[in-house]
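Okay, here's the structure, questions in a sec.
Chain nomenclature is as follows: A, B, C and D, assigned in order of appearance, with residue numbering initiated at 1 for each chain independently.
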Amino acid sequence: MVARKKDKVMTLVDAVQLIHDGDIIALQGMGTQMSPLALVREIIRSRKRDLTVVMVVGGIGLDWMIAAGCVRRVLAIIVNLDEFGMANAFRRAVEAGEIEMEEYTEHQLLSRLSAGSKGLPFLVTRSGLGADLINIHPETTKIIECPFTGQKVIACRALEPDVAILHAHRADLYGNVQFFPKPIWTDVDVFPRAAKKVIVTVEEIVENEEIRRTPIHTGIPYFKVDAVVEVPYGAHPCSLYPNYSFDRVLFQEYATMSRTVEGTRQFLDKYILEPASHAEYLQRVGGAEALLRIRKWS
Amino acid sequence: MTHCAEDYTIDELMVVTLARQFTNDDIILNGTVSFIPVAAILLARETHAPGLTWVAGAVGVDAQPGYLMGNTLDPTMWKNCVMYLPQWEDMWSYVHRGTLETFCIRGAQIDKYGNVNNTVIGDYYHPKVRLPGSAGMGDMGSLDKRIFIWSTTHNRRTFVERVDFLGCVGYLDGGDSRERLGLKNGPQLVVTDLGVMDFEPESKRMRLKSVHRGVTVEHLREQTGFELIIPDEVPETPPPTEREIHLLRDVIDPRGMRKLEFRGAGKRASNEK
Amino acid sequence: MVARKKDKVMTLVDAVQLIHDGDIIALQGMGTQMSPLALVREIIRSRKRDLTVVMVVGGIGLDWMIAAGCVRRVLAIIVNLDEFGMANAFRRAVEAGEIEMEEYTEHQLLSRLSAGSKGLPFLVTRSGLGADLINIHPETTKIIECPFTGQKVIACRALEPDVAILHAHRADLYGNVQFFPKPIWTDVDVFPRAAKKVIVTVEEIVENEEIRRTPIHTGIPYFKVDAVVEVPYGAHPCSLYPNYSFDRVLFQEYATMSRTVEGTRQFLDKYILEPASHAEYLQRVGGAEALLRIRKWS
Amino acid sequence: MTHCAEDYTIDELMVVTLARQFTNDDIILNGTVSFIPVAAILLARETHAPGLTWVAGAVGVDAQPGYLMGNTLDPTMWKNCVMYLPQWEDMWSYVHRGTLETFCIRGAQIDKYGNVNNTVIGDYYHPKVRLPGSAGMGDMGSLDKRIFIWSTTHNRRTFVERVDFLGCVGYLDGGDSRERLGLKNGPQLVVTDLGVMDFEPESKRMRLKSVHRGVTVEHLREQTGFELIIPDEVPETPPPTEREIHLLRDVIDPRGMRKLEFRGAGKRASNEK
């Protein structure tokens, strides 16, 4: 008898096997919020190469991957660490010509992804008309005229990432993914629809029955999800509202250490390459004390 | 009767000056690391513009977070909102079409026509300095917004003759060049740590409007990397009222988050503020 | 002192003053579901003329308005009464050349509205390529080529209705409109964003504090709403899940009577033109007995 | 061992025949007044395709409504679903891109290449009969769907040489004409009250596959308004099993909603079924 549904629960180690060198990955996250950073650490440990990383707001996970040599190209509207300042590995790598930064306006980048999600070759926007950004990617943004009015708009070429990676509040084993209060931010909303494969880490795997009791929170349907990994505190040091805040101590440590190449390497060794497990990582960042401090949102 | 405050700081003057620009009918969203505009929005709502609509962190409609904390994009900002505005279809539609017409920006370079750059210093492909990126202002510049520019670094590195990279469209080359591109509105005011500027209606060149207490016109001119239009009479920036200062210090931003935007402000290295 | 927020509560009679002869109105509703029919009855009583009505799925309210002579043109993907069969007034009026039917595929029509909602001159779709529909409205749908790939797509010209009219579960007096479980259907989602003005009738006006306790249900923000009218059973004879089902008795009566012009006129007189109020309308359709029968979803 | 049912009706045979087309990997949504396809979807899920995904009323993902009632677009159909799929961005994206690849349609006119019309009889601008409209099938025809056509009126008015108005794109003029337009998939099967048809792979012309019990090939040919490809051997449509009939009658559709799709079926004039 064929199975009713596919069980998609796996480990971080197995999940990253779905990502291949050279892939385009869409990585959820804002400067200090809601990013699948345990998965990013596993990507770094598994030494993926030549990735193109798509983010709306690039943050600490992207900076780590760049520092670790995983990244060839970045598509984003901004890359920084919010109030903690510049993403130093990103800045250095761009200035040294080691990676390419393809900067978009937010609506251009989302229009590219939305076109991808709809199987349309392009969508249009007015965002960025007159600015310099469209000139740096003529292969993907081009001024065209409305066939009815002649008004100029920017055509944004479809983008379908190979894999979208996200962290969410909970899911069932089939991959019905829930967000609290609901999926609101653009990356959570658009990335999974646009990507060919979707990997989601969650704080908690719950029963399918629990999902059916609260369908209003479900943001990604199981038929769009390829892997579910249970990783409590999987967004750390970013926040996952309302579960936990971002970890100012670790952010500040990274902001400080990443001022030098050597310091960045030390940080990666200590927090990403040496810990053998997520539990060991949490222990290194402060253990119980760290888990207590991120309960505060102040 | 309104009492002017005697005891105020530059960050407070900047917030108050910005707040006074906002009207009862404004619908304003905020971006990341935007404590000064968010404080201004909350202050306007508590004083002359109670009907002003704030979309907190571009999500929480008419939120009531209490006082400033954390991060201006944090979900903590959404507290007591009437709606979580889905960003992709809802928020961006309202922004694109013009329902949300007011936006505050800042950047590494600002030129005399109010064009802004936060992308690179030098050539895009071989930058001398790679900056974070344009983020939302790359959109807003081309979407008919009434733009308010704030800067806590009024100097010749920030205020330049011409931006190295045109990230946010201001008045382009001045005159009617923005209009000819089909864009409405544009930069309205520039509020810095030294003074306040607007744009001369014909040429669209930046024009000094007032200097802050203790700042001379000469000093501000020297700190500006292009020729500013300077009227014969340049008043001092109107000071905050005692009520504004009270609301800002004691109600809206008791933790002084607005000061984080100034260079040299100590970073908080703990969640246990 | 300026007011904090504008109170937008009004009567049906006042609300329809926002609609003018010749307007394009976007009318929410499926065949038997969720349509602001009390408002439609008031539009008929106030003898609006030359309306263009935009619906995804045209139903009984549209058929009434056509029978009453309010409508000049219809934009929709289908017009019927679900299991109760054809919309007879619509059919007769089109066949007699009295009104124009501008039929679209659903994605074409929604792309037009979505472009309107975004202030873009057009958006594109693949829906309807090769079919005859695009040929009947060359002013609003046109085949263009992708500037990157050359692939053919259909450009759909922006449409901004003058007024969107909807019925919802509840709202506060400022116009924060809530749906249960949430806004899901395309008209509820797209119409209010696309229209210049929005009128919403609701089952219940609640305190602003109640809205703030349950923001997850809010589908339209108050700054987009021009009028709020409290009309319990305002969708009758359509359903408003989970509050009440559609009224099979009245639907069947209309389906039967509308087979003739005379029968249609009698129906309009009895149920729309003669009742002096919404309460009187509810009494005519069966009073307490009617309100009891629509509690059943079977 | 499987027992074939002896006692079955045409509506049941149609549901069972359609159900057997659906696979475990299918993701299927339904439209309005679609009791036969919805019954087929639920039956497939209860028999050979437990992993089939049904998006009830194009909203309720993997819903478990119990038995059929009301209306196939009613929110009652969403019961116990895992997600309410927002229609505009989510459902239409999944449909447009091809994630939801299977769709059932019907119409007033069907031609030999599987093109379907539900818009007008006669000229569009001066129709002899104005029909309801194409609704979703106007989209689906051009979006690479595997299309299953059902009809409860197999006669020369429905099955015509050429549709008066091309509302839903089938195989257009046959041969590779659909492919040349860049469209994948297309009509797979036609299940009517008389028999089952598929499409000959080269010419894409409709071909008789089986006739229902008690229907002769000759009768079906006479009731078809175009020349159907008729193989030398035309089997009888495989009958339902006893289990299928039991599930359909007693579990999935005990109220016989599927019969509403047949002309002359009594309308329910009460909510008090």
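By definition in this document, a contact is a pair of C-beta atoms (placed from the backbone, for glycine too) under 8 Å apart; a residue touches a chain by one contact, two chains touch by 3 or more.
From a predicted model like this one, the values you see are computed outputs, not experimental measurements.
Graph distance from chain A to chain C, where chains that touch are one step apart, equals 1.
Interface comparison, B-C against C-D: more C-beta pairs in contact at C-D. Centre-to-centre separation between chain B and chain D, using Cα means, comes to 58 Å. A separation of 41 Å divides the Cα centre of chain A from that of chain D. With centres set at the average Cα position, the gap from chain C to chain D is 28 Å. Multi-chain contact residues of chain A (touching two or more other chains): 114, 119-120, 125-126, 151, 181-182, 189, 215-216.
Looking at chain D, residues 84-85, 88-89, 92, 96 sit in touch with two or more other chains. Shown here, the protein chains touch in all possible pairs. Taken together, the chain C residues at the contact with chain B in this complex read 1-6, 114, 117-120, 172, 174, 176, 189, 193, 208, 211-212, 215-216, 218-219, 221-224.
Within the complex formed with chain B, the residues of chain A that make contact are 30-33, 57-58, 76-80, 82-84, 86-87, 90-91, 94-95, 97, 101, 103-108, 110, 114, 125-133, 136, 151-152, 181-186, 189-190, 239, 241-242, 245-249, 252, 255, 293-294, 296-298. Chain B meets chain A in the complex at residues 32-33, 59, 69-71, 73-76, 84-88, 92, 96, 118-119, 124-130, 132-136, 138-139, 141-143, 165-169, 172, 178, 181-183, 255, 260, 267-273. Listing the residues of chain B that touch chain C in their complex gives 24, 27, 48-51, 53, 60-62, 64, 78, 80-85, 89-90, 92-94, 96-99. Partner chain A is touched in their complex by these residues of chain C: 119-126, 139-140, 142, 144, 146-149, 151, 153, 155, 157, 181-182, 215-216.
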